[in-house]
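Each of the next two complexes has chain A plus one more chain, namely chain B in the first and chain C in the second.
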Partner chain A sequence: MSNILEIKNLCVSFASDGVKERAMAVSGVSLAVPEGKTVGLVGESGCGKSVTSLSVMGLLSDNGRVESGEALFGGQDLLRLSDREMRRIRGNRISMIFQEPMTSLNPVITVGKQVSEALRLHGGMDAKAAKARTIEIFEKVGIPEAERRFKSYPHQLSGGLRQRVMIGMAMVMRPALLIADEPTTALDVSIEAQILRLMRDLQRDTGTSILLITHNLGVVAEMCDEVYVMYAGEVVERANVTTLFDTCAHPYTRGLMASLPRMTPKGQRLYNIRGTVPNLRAMPSGCRFSPRCEFATEMCRGEKPELNDLGGGHLCRCFYPKDDERPLGGIDR
Partner chain B sequence: MSELLRAEHLVKEFPVEGGVVHAVSDISFAIQEGETLGLVGESGCGKSTLGKLVLDLIPLTSGKVFFDGRDLSTLRGEALRTLRRGMQMIFQDPYASLDPRMSVGRIIMEPLNAHRIGANRAERADMVRALMEQVGLRPEFYSRYPHQFSGGQRQRIGIARALALNPRLIICDEPVSALDVSIQAQILNLLGDLQRQRGLTYLFISHDLNVVRYLSDRVMVMFLGQLCEMAPTEALYAAPRHPYTRFLLDAVPQPDPSRRDEERALLTGEVSSPVNPPSGCRFRLRCPFADERCAGEKPELKDLGDGHFCACHHPLES
Partner chain C sequence: MAKHIAKRILITIPVLLGLVFLVFFMLNVVPGDPVTVMMREHVKEDLIDRMRQSMHLDDPFIVRYFRYIWDMLHGDLGISWKLNRPVTGLIANAFPYTLKLAVASSLFSWIMGIPVGIISAVKKNSLLDHLSMGISLFGVSMPVFWVALILQNTFKNVLPISGADSWQCYILPTIVLGWSSAGRIARLTRSNLLDVLRSDYIRTARSKGLSPLKVINRHALKNALIPVITVMAIQISSLLSGAAITESVFAMPGVGGLAVEAIKKRDMPLLQGTVIFTAVLIIAGNLLADVLYSVIDPRIRVE
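After this line comes the complex of A and B, so read on.
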């Protein structure tokens, strides 16, 4: 199977006021999204997962800069395209949806107009055809009273409906790739379930590949075929979804899984990863997770582990990937 | 176990343009000393408002709150101040609830100053350092400011401040919702430890059903200002009786890919407005079992046995 998107060795840095040194938000990330699949990019705040996707879309803020790497999409390197070329791809062959649809919708234009505009711009339809198609799309993404909603302004819709509008807009051109950055994080659980189902149904109909960025392991389990786990700007593990949930190997991934309050009975302490994520300007030497890792040795503190294949494409950046002799202890703080 | 808090027929209505928001409509419950009572519901259901009513942070439209057997509405002045020391709150957003211009030491000391606890400043500073230690903050950080701390550490500051007056009841309003999962586990463990060490009672408000399950002895489910169900935690999760609870539990994406293809019933429609809530059962517009009775007659919270209460004309089989 071929890959719709291949990111190779992406490095992204940020400048901030009053600090000379640039912070490395993404350090050598490689990932591939196979055609028709959903790939999850998981990690905690600040791990670089959103920066990775924004770089690919050419949407980094002014203080961000791609230092090196490639993002191959249909034979083109997206990182080398001009703004004009990128605009033609964005919203057409690659679409993106974000956590808070309110920030990506124009508050003074009706949602119907915003969606039909995309159709006129990218699809070359006239106003009448675009309107009819927009209403069709609204119905498809489950917006009740689609005709009436066409004339609604974003603030007149609930968060769930706004996200449906965004998804409708994103799917208008049947993009080859949809990048979804925490699409359900701001939504209530009953609405989240509806939106996740909608994304899966649309994928089944259109064959769109999805890069799903989330911190929620429940959403990963529900949606993804393959998963990349990021920590402090690097990919630390990659596996298919079943392998990841059954036998994850990196101590960070294991810690994340163990700290979920799933079936832990009351009174029994939850596992927690001690400490906090490192400062991007003061990365620990050796393995970036070593200061928080209960298995870390001298070697981990001095030498940098590579992303090794444990077999079958299960990649792990650790000198001591899981073996059963090493149960998690659960050290506090 | 004795009863620490009793809420009787709490009602809160906010007048707005074009009507009245029925934020909390006739809710009654009690919490035993040392117990954790979970409160779950989706945004806008009134769960945070309910927490604030219990603490008397906003005035009740009607109803009564008893703390340690005493009716809060009958107390005035010093007697009320003393009683309220026993009830504190931890908020969701540790960024918004800490004054950025105050050092951590001063933030935690403020309730001690307000209630004139400790003989002098030095004694209060010692108490603050002890509190910091207890919540896992290094006492050397006394003079630092909130922005110098991470989200998890800030939540620890909020917890230390809540503990300063040695309360018996703490209302935790989404205390881990803004935190990453590894940090969330640290704070949940801390809340558990503090409860064991100090015999604390919690009203734990959250939209996260997994978190509530882990921490609570009993759980209440709220929908549009009303209680749907209240039961011991395991009974509620294993065999919910209210259709809304069932939908809510089914909707949570579980971290288990093998369950992905399970047929799950999804709630349809949008949340109704608390300004003009439906007549009868407020859930009926989204409920597949609703009939005429549900439209005409408001279901009362009934005891189905073993402490399992449900407000539904057609409760699910257990």
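After this line comes the complex of A and C, so read on.
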């Protein structure tokens, strides 16, 4: 099966005021999204998930810069396209949904207009045709009274409806790839389930591949075929979803798993990975996870582990991958 | 929407009454007997008494206040002590000059301020940006009379520097008044637009594949200009009420100049009239700003 998107060795840095050295937010990330599949990208806040996806879209803020790498999409390297060429792909072949449905929609433009805009731009439709199609899409993404909602402003809709609008906007051109950056983080659990179901249904209809960014492993279990786990700007583990939940190999992933409520026996305190994410400008030498890892050795602190294949495409960046003798998650220190 | 506007208009009534009260009170407790002001010292006692009576100056304050309101509602703001003519008529004669100047300087400030603000934001930190913001800051922070004097000196051989007989007379006052408004508008436009350009919905608009021009035009400007429009509405009202200093420096027979004359000559009815006229315009400007705001911003419209 071919990949719709293939990111190779992506490095992204940021400049900040008053500091000469640029901070590396993403260091050598490679990942592939197979056609028609959903790939999860998980990791703690600040590990570089959004930066990875924004680089692919060419939407990094002014102080961000892609240092190296490729993002192959339909035979083109997205990172080398001109802005004009990229604009033909954005919102058309690749679209994106963001976390905060309130702030991601323009407060002074009706939601109908915001959705039909993409149709007029990429589909060359006139206002009337675009409106009819938008109402159709609204119905499809489960917005009640679609006709009336066309004229609503974002603040007149609930969070769930706003996210449905965002999804409608993203799916209206039937993109080959949808990048969803924490699409349900801001929503209630019940709404989250509805939105996830909607995304799955749409995917079934359109065959769109999805890159789903989240820090919620529950969402991963429900939605994804494959998962990449990121830590401090690097991929530390990659596996298909069953492998990951059965036999995850990296201590960081195991920590994440152990901190899931349903995996903890009743009465036991939830596991918490000790320590905090390292500063981008002061990365630990050797394994980046070593200051927080329970299993770290001298070698871990001195040498940098490679991303090794444990077999069957299960990749892990650790000198001591999964060893069932160790207690999963260990003790909460 | 109509209800919101009606409510706002109703609220201005007590504000107006309170305002007139304040002005009336302040100007009636200051020392300086009008009759003596009018007649100088050397008049007979009984003549002064008769004058005071005919002007109802011996009535209690509150009676005079309500009489004043009553007259005001009938378009009568009293008689100028010094010019011996109805204040309403004096203001009506002066207002066209002020109006022309206000319109010209408002237009000047919008036509200069908004585009400059937009370009500065888009070309942030460029030479052009620094230059325009420098010029804007100069306009905002320099005292008006000083700018007026400098311009008068610089252009005294090319343009008229006083009076209001020809349209050329308006050029310098327009620049003096418009410069600071333009500066304020440019700086506000720039900072609002920069804020808006950082927002999530702009990223969404870009993620749709819109060109930078369309992103700014369709998605950023409206959001960025909402607060600017409010400021513009308030500015017009303060310009309309007469830019006292500018009108004086350029010897324009406008409302502002009238007020300055009234202060100099202790002409209470005239001062009272111009102050109230000014205040009414400012209240009206705020009302207009508020209504405009609710027309443009859908988030307010629903309430």
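Note that in this section the second predicted complex is superposed on the first by the 322 of 333 C-alpha atoms of A that agree within 3 Å, B and C clash if a C-alpha of one lies under 4 Å from a C-alpha of the other, contacts with A are read in each partner's own complex, and residues count from 1 in each chain.
FYI, a residue touches a chain if its C-beta (ideal position, glycine included) is under 8 Å from a C-beta of that chain, and two chains touch if they have at least 3 such contacts.
Here the structure is a predicted model, which means the values were calculated and not measured.
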Partner chain(s) touched by A:G168 [first = chain B, second = chain C, both, neither]: neither
First (chain B), second (chain C), both or neither touched by A:G112: neither
Touched partner set for A:R87, first chain B, second chain C, both or neither: second
Between chain B and chain C, more extensive residue contact with chain A: B
Touched partner set for A:G160, first chain B, second chain C, both or neither: first
First, second, both or neither for A:S45, with chain B first and chain C second: first
Residues on chain A lying within both footprints (that of chain B and that of chain C): none
Complex interface listing, chain A residues touching chain B: 44-45, 144, 158, 160-161, 188-190, 192-194, 196-197, 215-222, 241-242, 245, 255-257, 259-262, 264, 266-267, 269-273, 276, 332-333
Residues on chain A engaged by chain C in the complex (per definition of touch): 57, 59, 61, 87-92, 95-96, 98, 100, 103-110, 117-118, 121-122, 153, 155-156, 166, 169
Residues of chain B that touch chain A when the two form their complex: 36, 42-43, 136, 150, 152-153, 180-186, 188-189, 192, 207, 209-211, 213-217, 233, 247-248, 250-260, 264, 266-271
Contacting residues of chain C [partner chain A, same complex]: 198-201, 203-211, 218-219, 222-223, 226, 296-299, 302
